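All chains are identified by letter, namely A, B and C, in their written order; residue positions are counted from 1 within each chain.
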Amino acid sequence: MSKALSSSYTPGPPIAWKKILLKWETLLGLAVIADFGLNTYLSPYFLNPWTLSDASFNFTEQAIVALPMALLIIAGEIDISVGSTIALCSVAMGLAAKAGFATPWLVGLGIFTGFLAGCFNGFLVTRLRVPSIVATIGTLTLFRGIAYALVGNGVLKSYQPDFAYFGQGYVIGPVSFEVTLFALLALAFAVALHKSVIGRRIFAIGANPVASRLSGIPVERYKFWIFALLGATAGLASILLTSRLGSTRPSIATGWELSIITMVILGGVSINGGQGSILGVVLAALFIGLVTFGLSLLNFPGIVLGIVTGTLLIGVVAISSALGQSGRRRRS
Amino acid sequence: MTEPAFSLSGITKSFGGVRALVRGELELFAGEVTALVGENGAGKSTLVKIMTGVYQADSGEIRLNGQPVHIGSAAAANRLGISAIHQEPVVFDDLSVAENIFIAARPRRHGVVDWAQMYRRAAGILAELDPGIDPRMLARDLGVAQKHLIQIARALSNEARIVIMDEPTAALSHREVEELFQIVQRLKREGRAILFITHKFEEIFALADRYAVFRDGAAVGSGLVCETDRSSLISMMVGRTVDQVFPKQDVPIGAPLLQVEALSRGEEFADVSFTLNGGEILGVYGLIGAGRSEVMQAIFGLHRPDSGRIALRGEMLNIRSPGEAIAKGIAYLPEDRQSQGGILRASIGENIVLPCLSGISHRGFVNRRDEQALARRFIGELQIKTSSAGQLLEELSGGNQQKVIIAKWLATNPQVMIMDEPTKGIDIGAKTAVYRLMGELVSKGLGIIMVSSELPEIMGMADRILVMRRGRLRACFSRAEATPERIVAAAADA
Amino acid sequence: MLKSFFLRAPAVTGLSLLIIALLLSVSIAFPPFLDPVNLKSAFDDTALLMMMAVGEMFVLLTRSVDLSVAANAALTGMVVALFNAKHPGAGILPVLLISLVMGSALGAVNGLLVWKLRIPSIVVTLGTLSVFRGLVYIISGGAWVNSGQMSHAFLNLVRLPLLGINLLSWAGVLIAILAFLFLRYSLTGRNLYAAGNNPEAAAYAGIDVGRLQCVAFMLSGAIAGLSGYFWVARFGVAYTDVASGFELQVIAACVIGGVSISGGAGGVVGVILGALFLGIIKNALPVVGISPFFQLLISGLVITVAVALNSGTQRKTHGRHILESKKVTP
């Protein structure tokens, strides 16, 4: 129950609990700095630009998907099939590469496959009115199932050398292509969500779909296109991931939906829709990335990170729900 | 005089600063039917919810058989033998009829649910109510009237001493009402105390022994039905002369603005035709479920009518969505301010600009300066009491919230404004302000359709009054022709 | 009685017919499917799915969802495997007890978070799902516990033959029967339906919806914990990724069996059929000669079609809402 439709547009007198959550981004920023310090303490090599660049790879792809996921959750829906979508896109690209298609075709195919998967989710939710959580539990299995059916336990790795650029290339010095792309996308999503008419309507849809519909907003159409956008972005992430790994297995990106959704929720986006900010999501992604890297410095495997992200996910929602309830109690 | 079986005194209840009950006083007697009457917003449903433990009173005293009691929860109310038949049937669709009846006290043997006994007892109770209902049926397969019967059966089954009936006849046919009256008589003979909430005066005189009148959250009168008459009940309910409260302006009626012809949709409404003129306030009256809102929503493009025509200033409209309706200059102020009208967690400014975002944006980006200017303009014009346009809607009083939502529609420059229960749940001062605003709007040439269940409001503000009943237009009165009796007669089932 | 039951539950009837048709066609075309060894294994597979699906159904009935069942099974399974490796002489009773207690305790964590803090169940269990998995790694140090480290009693209980099938299959049947009786004859069981069917009306009737959700999570957890032991014993190995992703099949079995995701509707019979359906497909595929990699695809197709149909029929029967508004619970 925090700020209203946007984060900056609240010149009115602030209320205590609202103020607390307005500072969520500040808190996250502090956490990022603290973890940065901790990592520096843990490893003398951490502050090296190349180490930092390496550290960025383990969360950038997920963070890119977290951007449209934030839009979707703000609009009041959710998609837990993104990990499978990534696998499906990767398999599509792998098969095309095996058939001899050049890299530009693969890129187009990866994004298009994701777009189709997103449209299918959007169709189930907005047309057939299947609750989004249920629909995407189904497609999570379905998309992964298609990936396995197409490849079995094989590996697809007939990628052209130039395909490696997306996941392994650098723009300038240690600044990787992935990080550059993420930064540009984050900026674009932030502007779209917080400054544009579309963003304003997305917030309204999540906060009150009925009032939004009565205000002339085509609610279902908006939701459908956010699903499609999320799918296409998952396709983009699939390009980066496949390119970085240099190969495709159908088990690729398993469980990513959890990390991605955790980034979004940790970033202050309300699971009930209607509020959140891209800045928060970016900071949460940075935070998770740094913690992951710190854990790997301590030689913990990825699965242990699950404890951290899982606890964070529940803790964050618990805190905001407790605050929201006390706020509501005061009112009635 | 005997001691009341159940009494409430000095009950108060506020919601976020809005006082729903100021002075709740009520006495129920064993073996008697007490009719509770009052306009919408008089505090009747709040009182019922306090009696059934859904809400807790802020202050006041509740006594059962002379003993003070605390009704802390719905379960506590059940234990005390207080049973309510709600206006909207409260049933479990996927459970059997029998289980619905015994939901709070399933018969058990050796600690496990005794289905045979449950079905048998349910069949026994149902035999007297409606032998056509099989206790094993799912509640989903019942009609609305039968779902009401389930609630009545519930009250019969748990030996409730206090039975509350909240407008139980609103959705029933004439025959079903007759049957219901038989049941009420039986409950009475069994010595139960019955609270019967109704809008229909015939029912009061046919059924009730006592009456209690509420107005603006306070008890304003009570006594024996045989010692009162219809007009004194009405004057207690309304409590003021019509001209004082309604600042009706004389506005010349202009050319036809909105023409609706033979509009029909499924079972909701049929063959609805009317014309709204510029400068006119057209009142639409009817009981709950008469199809008024459905007609308005069809005009606004929320649901497509099956047949019929809608024309605006002579131009045929084919509206497929609210967005298209807004573009044509039709605005719809929905009935439920909080869940349909506005976004509580958004600011005043954001709410106001929501339907006209494209008008204050440049290349898809919101122009904050225009937004602020628009919000400030309406805050000034509508005298919305707020510290700034950035204040959240949920922080305003009900009346000011309603003004914001009206402002939101005015910002779209409508020609036709449909207002569904525009003063529901706001206090008297805010109501007058809304009425005055309506007058100003029509004086600028707008046409207003005002859907309302409040007779004084309809009679005080409307130039013409349409009356709907069961999905059809039943009557149209000019301001001069309209009397409460004629309107109520047209709206009630013959 | 039986006739009216089937008339009232067309989904159940349709599913039974589908399963019979599936069984017949597979057995006729591929007789090796009827091989006792194959059938036994199919029953055991299905029993695991069935019991966890029954647990999940309790949660679904109350309008929640438990995504952590498989992780719960993995964690509890690992704990009992480690316990058994350390105290091989302790016998089987402590193992059963630990799995039940620990499983329900993990379920209670979910339940309390949903009940007391009103966090959406999907968020809670998405979180606990990864916490539980991480804990499996931590307590095991990432190592496997394999059958060599397990006692005979531990391993053989599930394989105890009884009237032609293994004890594990009987356990599934027993849990299903108990769940059926619980849902039909106990007040709590009946109230689970009421709470999910119409939470508002349930509150009017004095039913504490949040508390029942917590109870449902504990039941689901207890069954998941027990299944964790069964799983580890049946496959003779405990490791971090035991039953990974199995929660989706569990939910699928429920949805296919007609349990409504929006709460309050569904029954044990349907869930058994749903589990049988998936179990048969899973075990028939290798016999029919389809690559096991198609299994996930078929599950996914079936789930997607089932949820689409399920929500479609619900939309029809629930009547038309003037505006499909998202009910926000206060």
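Here is the rule we go by: a residue touches a chain if its C-beta (ideal position, glycine included) is under 8 Å from a C-beta of that chain, and two chains touch if they have at least 3 such contacts.
Source: prediction; values computed, not measured.
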Of all chains present, which has the mean Cα position farthest from that of chain A? B
The chain pair joined by the most C-beta contacts is A-C
Chain-centre distance (mean CA atoms) for chain A and chain C, in whole Å, is 30
From the C-alpha centre of chain A to that of chain B, how far is it in Å? 44
Tell me, which residues of chain A touch at least two other chains? 210, 213-214
Mind pulling the residue numbers of chain B that touch at least two other chains? 302, 339-340
Residues of chain C that touch two or more other chains: which are they? 323, 325
Where on chain A is chain C touching in the complex? 76, 78, 124, 128-131, 133-135, 137-146, 148-149, 151-153, 209-210, 213-214, 250, 254-255, 258, 261-262, 265, 271-272, 301, 303-311, 313-314, 317-318, 321-322, 325, 328
How about chain B: which of its residues touch chain A in the complex? 15-16, 300, 302, 321-323, 325-327, 332, 334, 339-347, 349-350, 354-355, 357-358, 361, 364-366, 368, 386-392, 394-395, 408
List of chain B residues in touch with chain C within their complex: 52, 54, 73-78, 84, 86, 90-95, 99, 103-104, 106, 108, 112-113, 115, 136, 138, 140, 293-294, 297, 302, 339-340
Residue positions on chain A within touch of chain B in the complex are 1, 4-6, 9-13, 15, 195-198, 200-201, 203-204, 207-208, 210-218, 274-275, 331-332
Touching residues (chain side chain C, partner chain A) in the complex: 65, 113, 117-120, 122-124, 126-131, 133-135, 137-138, 142, 240, 245, 248-249, 251-252, 255, 261-262, 291, 293-301, 303-304, 306-308, 311-312, 315, 323-326, 328, 330
